[in-house]
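Before anything else, here's the structure in question.
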């Protein structure tokens, strides 16, 4: 029984980790908490749904396209909202408040365009296969989720650690001014980061959409809240931390539902959040963050 | 007055300060100089409680202040200005200085709410004193203007006035003339001498050798986190180690 | 409309008007108080997304007291303000040591936790909330409490507390070195904000007859934030005005009710981008009015 829960936890945790990655990437590089990440996650899900419904795209293609669409939305948000604030050197609360506004706009637009009810993928889109292994039951969807999440995360990690691009991003995370003086195209990389982070968020959206087969305009909000808990747990701006904390939250939630009560599932994340803020605010892996100009 | 005893500080694996020993005497101007990155601002951060030393002790008036929180340091009588000027831009000059008196204004919540005599008197007194301090640095005619509207040199003077409002015994000045032209520097020199003459002790970090030599009574030199010399300006000027530390570096101007 | 008034007589018209619009008018005052509750936290650089939750705690407390005890209305309101203040104190002490961004996240989280707890408690009626709250709020309660709030906040602004808030908002490090206990003052702002929100919640509960966890969710925290940001946070007039205008706006634009959320979001984004100090910005207004004599010209 426990093993079964662990499998569910792994699947859930991978998505949390994937979502948190985009979130923490933006914080690390742009220094901003983009609270519209949840809305972008939701739009990614709708994008995939629409592409499958209306263009009959195969799932894998729909997912890639949805990632592209999400990425573009993220880029747009950065260009229209975050960039002017950067240019003005606005106080740090400003981008947070502005992205809350963006999230509200995107969510209401989705509600207006698609309606508030649960939408499902057309029958037959989602593979029904499952495998049994003793008393363990694993669905193809779960395997897909874990695989795709891990692949994306490892790709990101590889880029950050082993490429010139990654080095540039880490330099910006340390100090944008210094990076600029080193000749790094900081503004361009800001756009790229926003795009990539949104694409990852959109990917997470598609995976969650497939996993629960219930897409609504409001699915971004709870996800955002969990994402916040995850990135604080893992250390804000820390990619590896986000991955591990995401998995950790997945496990914590599943085990809470299984052994305590499903009522408190959503509160688990925040319970952990408070705990960590009390004990080690920089997160499980974060170093004390005082970002230089 | 202020004693650093065997102070060391490391960040992770980076040793920023080591075996730092010196004494800032009362009344007079003490200077700490050294090449960029020598660790001077770290010393200030340690004194004001923004950082904690990895080893050694800091004593002020005979009391260990190593563990004192930053907002309690002013209580002990130490005030500080910053290298990148940190005045409250959206507040008027007068308000900036009055903030400095925060710790010395005592009235109860009731008095505050009902605008009672005690409250009114203390607020009025604070404003008077603030105006006086502004007059010391010759900024009183701009008292109601926003701090943002001042020139760089004026903002620096405002910072002085604000620091003085905390009724310090020792004033820590972090690179007071950074980014100023020669005319502004000369003016600031006079200001600092004025402050010294009013009885405040001053401990200054600076790059500008001429400024330091002209102003300080005693100087300590920091290089790569260690004190390599301490003495009068003449002694320091002719110290071979000091000259070597600065060799090849254009004097900050 | 005029004909209607003269035919029915003023009193009849008034009764009709009142029975339709009394909730809106009451909400003017309540929303002004809510905007002020978030203003006081913003005034020291804190973004508290928990004020909707505090409003909820106050609402439930006051409502339950009215419904289940014999205590008079003022007592219900007082406790409706005191309990959120106490909760704010408890969660504030550990979390207010954190810097701005962590803090905002923590308050957001707190709001969620409260909502989940309320959703699952029996005493609060669970997801259905409380029904049949006695209609005790009168217009003068709201006027009185709004005036009191404004008075207290105005006094605070003019004192060392207000100055300390502003110093903290501008530069925490410099404020600290002025002898200001930053964490302590942030806690004070947080607690005051919670108390105001709680009282507003209590007042609101006693004219809306029914309350539920859905009234105090994140969306509501965003609405409150929008009111304060829109009105402007440099003075007390700003949030008061912002709260009132944004209460009337949905009424004036009845048809656009479904787009209310979009409007809120747009307002937030547009204000932050183009009018960062809100609509009531004394400096901008002064500059605007001072320009006029010059354009009058010496023709």
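For this structure, a couple of remarks:
As written, the chain order gives the labels A, B and C, with residue 1 at the start of each chain.
Everything that follows uses one rule, which is that contacts are C-beta pairs under 8 Å (C-beta built on N, C-alpha and C of every residue); 3 or more make two chains touch, one makes a residue touch a chain.
For clarity, every value in this text was computed on a predicted model and none was experimentally measured.
Among the chains in view, C has its Cα centre nearest the centre of the complete protein Cα set. Contact analysis places A-C first among chain pairs (by count of C-beta pairs in contact).
Our note on geometry: chain A versus chain C, Cα centroid distance of 31 Å, whole angstroms. Rounded to a whole number, the gap between the C-alpha centres of chain B and chain C is 41 angstrom. One finds 46 Å separating the Cα centroids of chain A and chain B.
Counting partners per residue, chain A has no residue that reaches two or more other chains.
Chain contact summary for the complex, chain C toward chain B: residues 152, 155-156, 158-161, 163-164, 166-167, 170-171, 173-182. Looking at the complex, you find that chain C touches chain A at residues 42, 45, 47, 91, 94-95, 97-98, 100-102, 104-106, 108-110, 112-113, 116-117, 119-120, 218-219, 222, 225-226, 229, 258-259, 261-262, 264-269, 272-273, 276. Residue ranges of chain B in contact with chain C, taken from their complex: 48, 50, 70-75, 79-80, 82, 86-91, 95, 98-100, 102-103, 105, 107, 112-113, 115, 119, 123, 162, 166.
Against chain C, the residues of chain A that register as touching in their complex are 33, 81, 84-85, 90-94, 96-98, 100-109, 111-112, 221, 225, 228-229, 232, 236, 263-264, 266-267, 269-271, 273-274, 277-278, 281.
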